[in-house]
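In the two complexes that follow, chain A is the common piece, with chain B as its partner first and chain C second.
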Partner chain A sequence: MTALLFCLLACYTAGILLPPCLPGRPKAQNVLANGLAIAASLFGVLLGLAGLLAAAPLTASISSTLPFLTFAVRIDPLAAFFVLTISLAGLAVSIYALGYLTEFYGRSSIGLMGALYNGFLLSMTLVVIADNGFFFLIVWELMSLVSYFLVVTEHEKSEVRYAGLFYLIMTHVGTAFIILTFLIFFQEAGSFSFAAFRHLEQPLPEGLRTLAFLAALVGFGTKAGIVPLHVWLPYAHPAAPSHVSALMSGVMIKTAIYALLRVYFDFLGGQFPWWWGFTILAVGAVSALLGVMYALMEHDLKSLLAFSSVENIGIILLGIGAGMTFQAYGLKEFAALGLLAGLYHTINHALFKALLFLGAGSLLYATHTRNMEEYGGLLRRMPWTGFCFLVGSVSVAALPPINGFVSEWLVFQSLFLGFHLPVVLLNLILPIAAAMLALTGVLALACFAKAFGLSFLALPRSAHARHAEEIPVAMRLGMGGLAAACVFLGLAPMVVVPLLDRVTEPLAGVSIEGRVLALDGWALAPTNVEFSSISTPAIAVMLGALAGLGLLLAWAFGGRLRKRAYKTWGCGINLTPRMEYTATGFVQPIKRIFSTLYQPTIKLETEFLEESHYFAKHRRFEFHIEPVFQKYLYDPVVLFFSAVADRLRIVQAGSLHLYLAYIFVTLVVLLLVAV
Partner chain B sequence: MLQSLALVVAQVILFLVVSPFIVGVIRKVKARLQCRRGASLFQPYADLAKLFRKQPVVSTTTSWIFTATPYILFASTLAAGLLVPAFASQMPLNFAGNIIALVYLLALGTFFLILVGLDAGSAFGGMGSSREAIVASLTEPAMIMSIFAIALTAGSTNLSTIVHKTALLEGIVTDPSPHLMALAALFIVALAETGRVPVDNPATHLELTMIHEAMVLEYSGRYLALVEWAAGMKLLVFLTLIANVFAPWGIATSLTPAAIGIGLAVYLVKVSGLAVLIGVIESMFAKLRLFRVSEFLGVAFILALLALVFFYILRG
Partner chain C sequence: MFQISPQLGSQLVDLCAALLLLTCFAIVAQRRLSACVDLFALQSVFLAATAALVAFLTGIHHIYVAAALTVVIKAVVLPRILKKVIERLNVSRELQMNINVPAGLLVCGTLVILAFYITQPIIPLGFLLTRDSLAIALAIILIGFFTMIARKKAVTQVVGFLVMENGLFLGATAAAYGMPLIVELGVFFDVLVAGLIIGIYTHRIQDAFDSVDTSKLTVLKE
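The block that comes next holds the complex of A and B.
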């Protein structure tokens, strides 16, 4: 394992240092940077698997000259699982990037992008294996900064710069809360080492524990994109190059989930009052529902996917929140089930969201636009991309028999088990959360039916879409690999559950592998077969066999198939793309029914002909959705700080002498205080 | 093993054979209430047979999704049917999926139907897809809640277990009020999910009102036959669910020939009775405006929520 870790670090470091050494040769830089990233992620996959299967956690550390800082790493099953997730997504995305980066030749520095890309993967890996608070904060900050630089790759566009700035501010607000969390532990432990956090000499007082809980939720929640701290996410994730978006949305936000689990279950020892779990559940349910509802209204494909990440973080938190609630009442097996469901969804989301973002990248590559209203008919022109995107859509919509379904089903089950809790309020709240999850699930179905249907089906809506070409082989390989992984994770829960069980066992204190798998692993049956069970392999076989039966019946009753091709009936005139349903039209009923949430403003200006008021000369239609959170939550804060900054301008006169005077006065005051 | 296989095959045949009959019953009841004689009860079989023999016309605008969907829809609906006990309470495929799997299997069909509505490029299809999306999103929470209320009383989410336990009157609480509320909620959900009045009208092809029919407007020939057959089976899945979850008595709890015979007969009577009820409802009520549907389905959700609250209050 140590050797694997060393190889991984060496490859990433080489990937950072070497590509910029070949200036002016973008092709070589591309191959070098992504080749090294591929090698490193392969080592990462092996390291993750080894870490999951190892009997004892791997630890290593190098001391430093700075006080409290040691470069300590520790790979326990929890860290190993996240290394595996990061590396799996990283592997596919790096293969894809080999093809995708050709788009940037001559526009951006490939060497720099490649170095940053490797740095991004490296910092994410280090975040999950760091075993020292100080070290963790450094790599966390590194991850934020590197991703910021990647977000502003296309900095010549003003909206990209805005997105980058927004991201930078939000992520640092988050970091402030994370530092607060660690300081709470530090002042008890006297050291930044995680081992000291874990085994405090005397337990934290109740007030400080609560503060640590809340500070961690806000700090890491900002990175995860929980509502209402999600506002930066739909700007920043789409602004980055698509392969980076895939990693940011698929993987980076998961490091926050890792950190939350680390703090709550490891440092705080899994001892909670009931309302912690309840808070996480509430945050999860609200994030899931609002995330998907805003996703539905987006017509920019990448923004839609970014909002969908908010939704999926919500689903993950629903599982974890249920686990924490059970943990509070000592129902350890159910707690483990909730965590397992959350973690299963974590890896699933990493894969299918990366797949979908790569799909969006392919569409961008082929059509040079992100606006769904300009796509259409692309399944005929780009069959590979279309098929992979369909697999991703089916997965994110949690449809059987592939992976999104399995994890969402497990989350449902852990919520249903709420009737074992001894409090009537919670008995009712868990099923209501399940109902919200049901609404989320079916809205996600609508959202991705829209995304796939309007992008890939019917007639092309623009010249871009009419002339789109299928993407290069490397990009297809990356997407195909992820699609295959999605199907595998859905059909093979018997492989995934034992691995996840190794992660949840130390957290919840009980192994549930035997209680979750039934029939030699061919079925999942949380608690017992009598209560509930599914078997995705059986469902897949059923679907296949019955579709075959359909074919057989059609042949038996109708003989050989002789199709006739004819144009779609357009009420007597030829069908044009303008007659097709638009993305805006598709979601109109949903917008109207949930108008309380969306608060849409619709402006319709019509200029009539002078001769008659029955004929319009021009029509202008505008429609906006109120960004509620930004308007009522963020704008006041921004205004406040701008006002304060305005006042403070007096001290910033810009004169060098004045600044020297400040320094002198400060020095004198400090000396006086010291004396 | 052989017995299990036989049961599965029997259930497949049962669903294939009975579903057109149920559609015929509803049409007949509606015709009689409108003082018409109406077509024969077996007319839907003839319709299907005719559609299978017709040459399908496929739009040049469409992709492979269009031709694959009828088979996906057929398979997913029939698979959902295999998870519901019909004439025998203990289905061999019980392990393959519980009631949530059933909901999501039906959703798989809905997803592909929505895609098909968009595929041909005509505005009608898009309109149907858009409406189907909103109706589906409003029904699902109510469905999950009512299912959960039922699952609580039976202590299981597996359909066979629920039906078997209820049929043998094991562990059933004496007060049936949560059950009845959940029943009402599920009935409303069934009307909405299967596209019946007052949510949708299967007999209309008027562009302003149709939902399901709009999505499948471009289908013809064998594809239309499969889609129609699947729609009939979806209806039968819901009727079976309602009949056997709330009143499973008469179902074969053991696998003796006599019990199975009685089970089959009772099952046919139950689903036919429910079909008559749907026919009556379709004749008595007008279709709701699309934007009133949310209130109608809201009622279902509240009923299911109340069922849950009552369960806990009664449990004390």
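The block that comes next holds the complex of A and C.
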């Protein structure tokens, strides 16, 4: 394991240092950077698996000259699971990037991008294996900064700069809260080592524990993108190059989930009052529902996917929140189930969201636009991309038998188990959360029916879409690998659950592998087979059999009918793209139903002919929904700060002498005070 | 080898320091740029003399090196660079100032009193024979700083900066018989480089604004 860790670090470091050494040769830089990233993430996959199966955690450390800072790493099952998740996604994305980066030849520095990309993967890996608070904060900041630089790759566009700035500010606000969390532990432990955090000499007083809980929720929640701290996500994730978006949305936000689990279950020892779990549940339910509702309204494919990440973080938090609630009442087996469901969804989301973002990247590569209204009919031109995107869509919409379904089903089951709790309030709340999750699931289905249908089906809506061509092989390979992984994780829970059980066992204190896997692993049963159980391989077989039956019937009864090839009937008129559903039209019913939330502004301006008011010359239709959180929560804060800053501008006269005088007066006053 | 009693040595050091302070006032009162530079060179010679005196009195040899470097760099090289800059820029006098000469002298007088007032509680704690010049060193630093604020031409601001540096050197000698030689060498190198850079910079300001008046830099503000 140590050797694997060393190889991983060496490859990433080489990937950071070497590509910029070949200036002017973008092709070599691309191959070198992504080749090293592929090698490193392969080592990462092995390291993650080894860490999950190892009997004892791997620890290593190098001391430094700075006080309190030790470069300590520790790979326990929790860390190993996240290393595995990061590396799996990193592997596929790196393969994809080999092809995707050709788009940037001559526009951006490939060497710099490659170096930052490797640095990004390295810092994420280090975040989850760091075993020292100081070291953790350093790599956490590194991760944020490197991803900021990747977001602003196309900094010549003003909206990209805006997105970058927004992200930078939000992530630093978050980091401030994370530092607060660690300082609370540090004050009690006297050291930044995680081991000291874990075994405090005196337990933290109740008030400080609560403060640590809330500070961690806000700090890491900002990175995870929980509502209402999610506002940066739909700006920053689409602005980055697509392979980076895939990593940011699929993997980076998961490091926050890791950190939350680390703080709550490891440092705080899994001892919670009931309302902590309730808070996480509420945050999760709201994030899931609002995330998907805003995703529905997006016409920019990448923004849609970013909002969908908010939704999925919500689903993960629902699982974890259920786990924490059960933990508070000592129902350890159910707690383990909730955590397992959350973690299962974590790795699933990492894979299918990376897949979808890569799909969006392919569409961008082929059509040079992110606006869904300009796609259409792409399945014919890009069958590979279309198929992979379909697998991702099925998965994110939680349709059986692919992976998104399994984990969402497990989250549902853990919420249904709420009737075991001894408090009536919670007996009610968990089913309500389940109901919100159900609504989320339906809306997600609508959302991805829209995303897939409008992009790939019907006729091309623009010249871009008409002239689209299939993407290079490397990109297809990366997406195909992820699609295969999605199918595998869905059909083989008997492989995944035992691995996840090794993660949740130390957190919840009990192993549930034997209970959850029924019928030699061919079925999943959260409590026992009578309560509920499901078998994805069986579903897959049945679906396959049904499809086969349909084909068989069609062949048996329809085979002898005379076939006539003719274009689609359009009531006697030639079909044109203008007859198609638009993305706006598709979501119109949902927009009507939830108009309280969306607060849509609809403007229809008509200019009539002078002769008659019955004939319109021009029509202009304008529609947008209110960004509620930005308007009522963020704008006032921003306004306040700019007002204060305006006042403070008076002292910034721009005169050299005045600045010198400031320093001089300060010096003299301080000297006088010191006397 | 003849000996000087500590009392007398201390008095001699104070005398040299007082001469340094006097040149400071002369710089503040002087409008002609080349004269300012000359006065700075003179001040540096006095500083070197102080350092040499301290080296002689204490027998710490590396202070001699510092003194020699002071003469070479601050009394010869830097003034020459500055003179060249003045010649090329064709500015000889400073007509406009932020604070005029009489008021400036009054402020400087106040600064000296302030420096003595501030260092008063510290000086009795010291046991070195140079301890009294600490107050003068602080006064020189403050006056150098004040020169940078009061004058508009970039060249005089450089002189102000260098005067501050001289004050710091004197302060280090006064408080601790000078810094370790390696630090001293580093500081000399820094000052030399700073002098060169500022010299070039002044040219750039001249090119961009047709003047070395730094208050014109205000237009750089958005």
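Heads up, the rule we're going with is that the second predicted complex is superposed on the first by the 644 of 675 C-alpha atoms of A that agree within 3 Å, B and C clash if a C-alpha of one lies under 4 Å from a C-alpha of the other, contacts with A are read in each partner's own complex, and residues count from 1 in each chain.
What we mean here is this: a contact is a pair of C-beta atoms (placed from the backbone, for glycine too) under 8 Å apart; a residue touches a chain by one contact, two chains touch by 3 or more.
These figures come from a predicted structure and were not determined experimentally.
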Which superposed partner A:V668 touches (first chain B, second chain C, both, neither): second
First (chain B), second (chain C), both or neither touched by A:L454: first
First, second, both or neither for A:G572, with chain B first and chain C second: neither
Which superposed partner A:A518 touches (first chain B, second chain C, both, neither): first
Chain B versus chain C as contact partner of A:Q652, first or second or both or neither: second
Partner chain(s) touched by A:L660 [first = chain B, second = chain C, both, neither]: second
Chain touching more of chain A, residue-wise (chain B, chain C): B
Contacts of A:A438 with chain B and chain C, given as first, second, both or neither: first
Residues on chain C engaged by chain A in the complex (per definition of touch): 98, 114, 117-118, 120-121, 142, 145-146, 148-149, 152, 214-215, 217-221
Chain B partner contacts - residues on chain A that touch it in the complex: 377, 379-380, 386, 394, 397-400, 405, 409, 412-413, 416, 419, 424, 427-428, 431-432, 434-436, 438-439, 441-443, 445-446, 449-450, 452-454, 456-459, 518-519, 523, 525, 529-535, 538-539, 542-547, 549-551, 553-554, 557-559, 561-570, 575, 577, 579-581, 585-590, 592-593
Of all residues in chain B, those that touch chain A in their complex: 12, 16, 48-49, 52-65, 67, 70-72, 74-76, 78-79, 82, 93-98, 100-101, 103-105, 107-108, 110-111, 114-115, 117-123, 125-127, 129-131, 133-134, 136-138, 140-141, 143-145, 148, 151-152, 155-158, 161, 218, 221-222, 225-226, 290-291, 294, 301, 305, 308-309, 312
Footprint of chain C on chain A - complex, ascending: 652-657, 660-661, 663-664, 667-668, 671-672, 674-675
